[in-house]
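Report on the following structure.
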Amino acid sequence: MAEVTQVMPLAMETRQHVLKQMMEIRAAEERIQGLFLENLIRGTTHLCIGQEACSAGVAAILEPGDTVTCTYRGHGHAIAMGMSLKAMIAEMMGKASGACKGKGGSMHMTDASLGLLGANAIVGAQLPIAVGAALTAQVKKTRSIAVTFFGEGASNIGAFHEALNLAAVWKLPVLFICENNRYGEYSPMHTTTPVANIADRAASYGMPGIIVDGQDVETVYHEVRAAADRARNGEGPVLIELKTYRFRGHSRTDQAPYRPEGELEEWLKRDPIVILKARMIADGQIDETEYEELRGAIERNIHDVVEWAKAEPFPALETLYQDIYYEG
Amino acid sequence: MTYREAATKALVDAMRADENVVLFGEDVGIAGGVFKVTPGLYEEFGGSRVRDTPISEQAFIGAALGAAITGLRPIAELMFADFIPVAMDQIVNQIAKYRYMSGGQFVVPLTIRAAQGAGAGFGTQHSQCAESWLMNIPGLRIVVPGTVADMYGLLRSAIEENNPVIVLEHKVLYNFAEDVPDQLTHVPIGKAIVRRAGKDVTVVATQLVMQRSLEAAEILAQEGIDVEVIDLRTMAPLDEGTILTSLAKTHRLIVVEEAPHAGGWGGDIVSMAADKGIYWLDAPVKRVNMGGALVAYSPPLEDEVVPNVKRISQAIRDLMSE
Amino acid sequence: MTYREAATKALVDAMRADENVVLFGEDVGIAGGVFKVTPGLYEEFGGSRVRDTPISEQAFIGAALGAAITGLRPIAELMFADFIPVAMDQIVNQIAKYRYMSGGQFVVPLTIRAAQGAGAGFGTQHSQCAESWLMNIPGLRIVVPGTVADMYGLLRSAIEENNPVIVLEHKVLYNFAEDVPDQLTHVPIGKAIVRRAGKDVTVVATQLVMQRSLEAAEILAQEGIDVEVIDLRTMAPLDEGTILTSLAKTHRLIVVEEAPHAGGWGGDIVSMAADKGIYWLDAPVKRVNMGGALVAYSPPLEDEVVPNVKRISQAIRDLMSE
Amino acid sequence: MAEVTQVMPLAMETRQHVLKQMMEIRAAEERIQGLFLENLIRGTTHLCIGQEACSAGVAAILEPGDTVTCTYRGHGHAIAMGMSLKAMIAEMMGKASGACKGKGGSMHMTDASLGLLGANAIVGAQLPIAVGAALTAQVKKTRSIAVTFFGEGASNIGAFHEALNLAAVWKLPVLFICENNRYGEYSPMHTTTPVANIADRAASYGMPGIIVDGQDVETVYHEVRAAADRARNGEGPVLIELKTYRFRGHSRTDQAPYRPEGELEEWLKRDPIVILKARMIADGQIDETEYEELRGAIERNIHDVVEWAKAEPFPALETLYQDIYYEG
């Protein structure tokens, strides 16, 4: 188990909250992969196992009115933002009671009521959309911010460049959060990206770029919160690179043969759940029994949700032709 | 009033009517726009609502979507319609699909303006018409004003529409002047109009070639051919009724497009007629367009490629003698 | 042999035949491609001719053009056809027009491969067909292989063609297997083919819905309806002759498209028939397609949106009773 | 007249060559603007008056087999690469004997035989095309390089970002030459671009970025040549920012009201022709009389070319349908 590194500790309630969220994300992703293999989820899934601290840490600093756009690897962000597991699992199974009435699926988790403005399946496309959400905040003078998540591979696409530049020129309250998990599909970062850190690219936009340990939810919380306060105060966007790792393949049944020997094992030692749990145990905020109880409860809940979702009806065929235009 | 002035007035009136309307694009602010459609807006509405952008079409078209789903009513100017492909992913995969993919969670009230068409000597990459590139994308509305009053009325309706609307302004018409009523009104999206009633043949057209079809109709009137000219006004959704009603009367149809033939929007008009109006058709249905050509710079070539009065009249004569 | 294996074999044979042929795209090299069409190519031809790219579609599609006009014969893989809009400017304004704008100074021998179509559960942004977005762009050739032998033969012809060719592979057909001759041959670009001869009605289709139309034809044969099925194979340029010859015999036409109705390629087929074949038409011309819908993720919705055997057969029955 | 600054002098023949080219470009642009106002050129023109050292200095280091892509502001590059004035003027007038048979016009000067692979009217589109030309050089192992010219405004578009990144990842022999003339259309750089120097953006691609005085043709020559040698040796691309200024408006009849008071006057003192001429006079390589004779000869030649072009026929209408596809 990981040695106890220490950073400025979060309040116990916050720690309990983010620990539970990370555990929920982990358990949900495990079950989702199972549903995919059982053919109850069609097409594809992109798991964020190993990256839970990014979702939980960032979501914990958001305030009502803040918005998020993210990617197909977006289940963690949805759970961390409070999307109901029922709406999420039903959506992945294409059920009428899904978050998007079954129209979106695994790659498009969306809940406008929570400010989750959509997970996107086109690499980089969510960045300009977040810039627009931040424009609304600036024009309407709310103190809201727009957060957009993307991978290190996405930093090579044109939309990334244009979005960061426009946000900088207009000094918009956007946090560009790169979850650098080392791979874009099957390609290691160094084969596609001639810089060591994505954060280094912030200089091209006269914007701060910071590098954060994406496995340490407490560090993520503190760093992102500071950037958010800055943005709320009208000081403009920040590019935040969360160094992280995906413990599973890119999608579907990818076994990640492209990983160098031993790399995964090294990263498994930095499991974000284990890291926080260790600190909480050291601080007497949880013990193994309580932890196991919590995990059991989470797994039972997911099991119940899945059974419920299985029994839910598919959408009626006429819904194919609905929601294309707003009528009226 | 000119077509350009009508566009400016529509923007001003819309921004006065609703403070959520914002406008941005390259040089639309301080400089008043490359086509001089936005002079004075920056001064009247200020730098928060009227913004110049970097040369970043993907970013500001995507930003229009993000702004639209969070409470603003953005108008993004793309300058030349030929630049639509630069921001095509945001239009095709995002703007058009955002409501659908979310199961109806979003309303997307945004307007994209662009100047299209040949005739100004800008060459192959600055003279295209974009509607035919976009019609296979459910989720978009597309309007193509062809008169001064329509420029005003369709743009006002586009800005107030609670769905994404692409407004394609014809750059050769910007200086086109017409007398208009003091009270310009909104023009409904989705309704075509009969610009000239006639009994012998139906011509369906838009914008510049619609104006030319009207000229051709006057010439043919002398020859005893009574042409009905329909201005589509909206490309998506198509107004089938107006066309079928006309066809039931004339039994002959010609579509005049400013577009290459293959994949041109005329195909939809004809296929609609060949389905719902087949028993009325007394003759082959013709399409007058750019054929297989692109717009070339050389003046005589550019003047030839877009259907002109001569080509349109001849096509109508030929059809009448079928 | 499967459709996927035929694509791989075409690439290998082409690269063995001409050292100027290079291949690049995201994960096409070491990983062998997201759709597993390029395994072994990196090993056989090396990292100079087979390259993985960053996620930069504009850059590598533009690079394909630059390479093509300087002596290589590049094949760029766009993975999902839904990503074509991301590189749309390079395709529409550059690749398609480069020869024309220069007055014929360049030859542009490049191939862009992409996987299209619904049925795999990838949702709204990963299930579209792209041909109808590109047909209004003179300068491009577009092929849509619908059988294993065509996948090989059209891809070989595309790579050897001295003009830009967009090869749209249907992702649901990748596992589709057929017996093929030991000697696979090139299939000419621009020629449609009658897949099933019949005398009562002509069905024009492509790829997955073409295969389904053949199934529908077998069912209808029992009911005494003799269906002729034409596989277009090439969308640009269209082979009008094969369709007209069939129409002269059957006097009835149905177009089956995997595309939304508005702006779908079927419009071109029908407008051609309503012009050159109008006097043969005994009944309304029908189009079976996605109507106004987009592809939704939910399995029953996705299975319904693309014309299936049931919808196709019913449309033919209805037309025969006209 | 400008004081004589000195850098490593070019050989006298080279100086004479680039001086004559800069004078030819200047004179041609002046005449082209006249033809536009006389309606003998339709649509638009984008003059490079003031930026002549960029075209002449770069072209002077090119070798056979090298290629160039540039922009609508491309008359200077075409002349510097040796395009015949007749082919160029006839093209702008839309004549059959034009470089592109009249199909291209002012924005699309192209001469494949010279390696001039096209001037582009879509901002940024020429960069990826140059990357492809460099790919051919690398695959075929020639020592050729691909040069692409663009403005500072173009550095905000996605194609710029993707092209530099791809060239860097593949270590391609591309010189990305930014002619920073301070304005993109009517927008001063600082209103659209949150960095002081475009060259600073090279860091995002792990590529050298250098800043060069674009008014000094000798400095341009030396710096670009060094970068070219590096690229020929397989050491990869370079981003070169030429600090320059356009003495005229963006296009057509733009009077550039957006210029700050006195800015133009300051830059006129750094006229690239005057700077080189001063050095050559100081070194006794030319005197005022010879200079005036040279200018007279250039102007007479342009006058003759224009008169010839006026008399040339327009292309036949059927050519509209030719050159779309290569037949055979």
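By written order: A, B, C and D. Residues from 1 in each chain.
As a convention for this text, contacts are C-beta pairs under 8 Å (C-beta built on N, C-alpha and C of every residue); 3 or more make two chains touch, one makes a residue touch a chain.
These numbers were taken from a predicted model, which means no experiment stands behind them.
> Would you kindly say which chain has the C-alpha centre located farthest from the C-alpha centre of subunit D?
Using the mean of the C-alpha atoms as each chain's centre, the farthest one from subunit D is A.
> So, what's the distance in Å between the C-alpha centres of subunit C and subunit A?
So the centroids are 36 Å from each other.
> For subunit B and subunit C, what's the span in angstrom between their mean Cα positions?
The computed centroid separation for subunit B versus subunit C comes out at 29 Å.
> In whole angstrom, how far does the Cα centroid of subunit A sit from the Cα centroid of subunit D?
Between these chains, centre-to-centre, one finds 46 Å.
> Mind pulling the residue numbers of subunit A that touch at least two other chains?
Residues 98, 100-104, 108, 120, 122, 156-159, 162, 165, 169, 191-193, 324.
> Please list all residues of subunit B that touch 2 or more other chains.
Residue numbers touching two or more other chains: 53-54, 56-58, 82-83, 86, 89, 93, 100-101, 123-125, 138-139, 292-294, 296.
> Draw the chains as points, connect those that touch, then say whether the picture is a line, ring, star, complete or other.
complete
> Spell out the residues on subunit C that touch subunit D in their complex, using ranges where they run on.
For this pair, the touching residues of subunit C are 22, 48-49, 51, 53-54, 56-72, 74, 89-90, 93-94, 98-108, 138-139, 141, 162-163.
> Spell out the residues on subunit D that touch subunit B in their complex, using ranges where they run on.
Touching subunit B: residues 42-44, 94-95, 98, 100-108, 120-124, 153-154, 156-158, 184-187, 191-193, 258, 314-315, 317, 319-321, 324 of subunit D.
> So in the complex, which bits of subunit A are touching subunit B?
Listed in rising order, the residues are 67, 69, 98-104, 108, 110-112, 117-118, 120, 122, 125, 127-140, 146, 158-159, 162-163, 165-166, 169-170, 322-326, 328.
> Within their complex, state which residues of subunit A touch subunit D.
156-162, 165, 168-169, 191-195, 200-201, 203-207
> Show which residues of subunit B lie in contact with subunit C when the two form their complex.
For subunit B paired with subunit C, touching residues are 82-83, 85-86, 88-89, 91-93, 97, 100-101, 123-125, 132-139, 236-238, 255, 259-260, 262-268, 270-271, 273-276, 278-279, 281, 283-287, 292-294, 296.
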